[in-house]
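For reference, the structures are reproduced in the following blocks.
The two complexes that follow have chain A in common; it is paired with chain B in the first and with chain C in the second.
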Partner chain A sequence: MMRFFRLYKTFVVQQLKQLMEYRVDFLTGATSFLVGQITNIVFISIIFSQIPHLQGFDYYEIIFIYGFSLVPKGIDHLFTDNLWKVAWFIVRKGNFDKYLTRPINPLLHVIMETLQFDALGELLTGIVLMIIASIKLGINYRFGNVALMLLAFAFGTVIYAAIKIAGAALALWIKSSGSILQVFYMSSDFAKYPVTIYNSAVRNIITYIVPFAFTAYYPASYILRGNDPWFCFGVGTAIAAVLLTLAILLWNRGLRAYESAGS
Partner chain B sequence: MKWIGHVKRVYGGFTRAGAQGAMAYKFNFLGFFVGESLYCFVMYFIWKAVFEASGESIFMGFTITDMTLYVFLANIVGFLTNTDSTQMLAEEIREGNIIMRMIKPVNVDMSLLATEIGDKVVMSAFIFLPVMIGVEIYRYFALGYVAFNILMFLGFVVSVILSYILAFYLNLIFGYLAFWLMNIWGFSILKGSIIKFFSGSLIPLAFFPDIVGKIFEQLPFASMVYTPVMIYMGKLQGMDLLLAFGKQIIWIIVFIAIAKLIWRWAEKRLAVQGG
Partner chain C sequence: MSNMIQVKNVSKEFKKVIKEPGLKGSVKSLFHKKTEIVKAVDNISFEVEEGEVLGFIGPNGAGKSTAIKMLTGILTPTSGEIIINGQVPYKNRKKYVKEIGVVFGQRTQLWWDLPLSETFTVLKEIYQIEDKAFKQRMDFLNQVLDLEPFVTSPVRTLSLGQRMRADIAASMIHNPKVLFLDEPTIGLDVVVKDNIRKAIAEINKNEKTTIILTTHDLSDIELLCKRIVMIDKGKKVYDGDLDHMKEKYGKMREIHITLKSDNDINKLSFAEKFGLTGDDIDIALDGKKAVVKFNSSKAQVSELLSYILSTITVKDIAVGEADIEEIIRRLYKGNENDETAHGNAAAVEA
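Let's turn to the complex of A and B:
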């Protein structure tokens, strides 16, 4: 474990050097994600210029849920972005072999190799939106709900990471799984809005199968409305744990089935 | 008419290669398609909730049927006019392979375009037609009569082709940024968000405050999605229709000119890394 953190520190230092070298690129990346979020906020604002409530939620409550969804997404984006590269091209181009030749767990190696600072654009937007919404709504933060919120950020991040690990693992069989992963990842769009606007089929899918609803709506609804905490946080934690276990099992099976694409 | 034979002989090969590539990467193809459909359903449910909340059957001049049509059409147009040329070009520039296009007796933009057209033909057959039929069936059941208009449809097809050429050159110019920047990927995300917003993919331009909407309609982005969709829905007629086509063509000329200028500049100064 100590060895892992020592190695991670070395990798992070390398990443920071790279960041200093390519400052313009970092600014571009972070700005891109920021602009993407701003356009969505404009979208929500235009809708709310015409209606007072959406399924019983007012403007700032929707903004709160939206901001909430960006936090676990951003944290995951910051730490595990390299999984995308595995899914898209690292395996296909035959560059995956290097992870197998090093004396460290390949999954940890893949993850620690990249710290994607672009994610700060998403993460900071999320935090700012949550702060603004909290002030406007007068949300009362106590030790209890802050602790639960942090727990939700943690299992939300795990849900994102698990889906990315599973998606990247598929590349170990089929060489390039980026687009499959993209489909699952994109379904997180559903999670940015109250799940009550969807029909029951969509609601069940994003609650139990691709459980993105637990990365934002359910925990946020506890903070806003005091919805059943056992479901919002207990089931959320359990689902995240199960999903991560399955993802790692799949990844390990993939490693055993892996044949290099290189020449 | 000898040049037609020449173009066909020279660029036909690129087109066939593009079509074969599209068939070979079926998973990618399917993946993006499912992803885009999911996004459409998210938007559909949001608009449905908005209509329910407003309690009226017409929201800013759109009925719920209009809105559903709009969401699916805007995304299929966005999907069809989306090109990989930025990524392709950026990768070639970074790895130095761009030289392979420069030493061949072909136009860089034409060869890229020809490769992509192959890809688009396959995509139109497998994705565009089924979606179109689905949309029309939905419209029939929602309205109770066949609203399909062959003239509007033809206008739409012409407009989509113009949109595609416009998008292609815009992406090409973004791809050329790789001459200066490493993080083209970040830029692509930025470009994607900007296009989605200003082209009317996210929100119909008619929903913006009056003056803002009018300004957005003049920008090249509107010509990429909003124009063909509004034509299909029959909301642009007569003079407005001709004006819309004119705007599309003007923007295409402007973008081709910019792309040519950058390319001429690059050809003189390019120092390829690696070999």
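Let's turn to the complex of A and C:
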């Protein structure tokens, strides 16, 4: 474990140096993300200025859920972005071999290699929105709900990471799985809104199949409304654990099936 | 001497989707997949002693890369057994790769945007090398591969030759017992190739590193390897020393002639006089310079020389040994004829 952190530190230091090499690129990336987020918020504002309530949720509650959803998404984005590259082209172009000739777990190696600093824009937007909404809604933060919220950020991140690991693992069989992963990943957009607005089919899918509802709505609804904490956090943790286990199993099977590419 | 590498009856099969040509074929294959099993490596066995440099050769698509990938633990064989340095590469991968070094000439394992020295810093962490050992190692690699002039430059600015030296150094940083070099001289000019060969020879001599080298450049083989294993269409077709192969597959000799008059060469008839036909003879004419390649087991050099000299007037004449390329080309040709006779047994409809 110590070794893992030392190694991670080394990789991160390299990344930072690399970032200095491409400052413009970093600034552009971070800015574009920020702009994207602002556009989204403006869009939500416009809609809610017309419809002040959505299934009983008012404007700032929606903003709170939206901001909440960005935190685990941003954390995952920060740490595991390299999995996208595995899904899109690392395997297809035969560059995955490298990870198999090093004495490190290939999955950890892939993850360690990249810190996607663009994600800080997402993370920051999420936190700012949550703070604004909390003030407007007068949310009372105590030790208990803050701890549960941090737990929710943790398992929310795990849910995102697990789906990306599974999606990237498919590339080990089919060479390029970027578009499949994208379909699943995009469904996280459903999590930005209260799940009560969807019909039961969609709701069940984003609760149990691609459980993005646990990355935002369920935990946020506990903070906002005091909804059943056992379901919101207990089931959330369990689902995240199961999903991660399945994803890692799939990844390991993929490694055995891996056929490399080119010469 | 103990065997560092043991390969026993190793095969690797791939499932290959057969696509009909065109968009229509692509769409069709989406719904109805026809696959066949391709044997990329077919029942190969060989052994390599500690400290040996083995040349692993064969034409494109022969299965060289697949074999190397199995040896390095990247791919799992479909059947057979590999033991290297006392370990099974694909089973105990993490432990195994600590003691091997791999260079894929066409890909780099260096950190592209950072100075070369940073790559070594990261590799030092990856392989958990002590500071003192690391320093010694860098000194040695510096001396052999002359990295000093570009160690602080970003990798993306290095020339191909520098990059290759750096890649070899990177694969050697943890003092591996076995080194796999896949096309280490590809795309390099003659002088750089020569430097790399010298470095490889020196590493092998100093460290007793067992080296497996794949290459298309046969000078690499001639200069570095005493022994070669050749594979073609997944099968091992030769295993032995280089000299023996030259004898076994015919000793080709060359006679270089500078003619006085262009069409003099047509006055020579080797087929009629010596019975040299088909593969046993090849005449190349470039202006007034002609090269006659022939199989010296079918005709004597001295007989050919006296025949040439008595038939035409020449400005200059010299005798040389044909290079290994020629021999290998002939060997491939022989195998191709075999294949057509027996049909392709490797492809099975699934």
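FYI, the second predicted complex is superposed on the first by the 263 of 263 C-alpha atoms of A that agree within 3 Å, B and C clash if a C-alpha of one lies under 4 Å from a C-alpha of the other, contacts with A are read in each partner's own complex, and residues count from 1 in each chain.
Here is the rule we go by: a contact is a pair of C-beta atoms (placed from the backbone, for glycine too) under 8 Å apart; a residue touches a chain by one contact, two chains touch by 3 or more.
Since the structure is predicted, the reported quantities are computational estimates derived from the model, not experimental observations.
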For this session: Once the two structures are overlaid on chain A, check if chain B and chain C clash or fit side by side.
Result: fit
Exercise. Touch check for A:39: first (chain B), second (chain C), both, or neither?
Worked result: first
Problem set entry | Partner chain(s) touched by A:227 [first = chain B, second = chain C, both, neither] | neither
For this session: Quick one: classify A:103 as touching chain B (first), chain C (second), both or neither.
Result: second
Exercise. In the superposed arrangement, which partner chain does A:6 touch: chain B (first), chain C (second), both, or neither?
Worked result: second
Exercise. Given the superposition on chain A, what is the angle at the CA centre of chain A with arms to the CA centres of chain B and chain C, as a multiple of 10 degrees?
Worked result: 80
Exercise. More residues of chain A are touched by which chain, chain B or chain C?
Worked result: B
Problem set entry | Partner chain(s) touched by A:18 [first = chain B, second = chain C, both, neither] | second
Exercise. If you stack the two complexes on chain A, which partner ends up touching A:260: first (chain B), second (chain C), both, or neither?
Worked result: second
Exercise. Is A:94 in contact with chain B, with chain C, with both, or with neither (first, second, both, neither)?
Worked result: second
Problem set entry | chain C versus chain B - closest C-alpha approach in the superposed model, Å | 5
Exercise. In the superposed arrangement, what residues of chain A touch both chain B and chain C?
Worked result: 22
Problem set entry | Interface residues, chain A side, partner chain B - complex | 22, 24-26, 28-33, 35-36, 39-40, 42-43, 46-47, 50-55, 118, 174, 176-180, 182-183, 186-187, 189-190, 193, 197-199, 202
Seminar exercise, completed: The residues of chain B that touch chain A in their complex are 25, 27-32, 34-35, 38-39, 41-42, 45-46, 48-50, 53-54, 59-60, 181-183, 185-187, 189-190, 192-194, 196-197, 202-203, 207-208
For this session: Can you check the complex and tell me which residues of chain C touch chain A?
Result: 14, 60, 64-66, 69, 72-76, 93-95, 97-98, 100, 102, 104, 106-107, 109, 111, 113-114, 118, 121-122, 125-128, 154, 182
Problem set entry | Complex contact set, residues of chain A against chain C | 3, 6-7, 10-11, 14, 17-18, 21-22, 94-95, 97-98, 100-105, 256, 258-260, 262-263
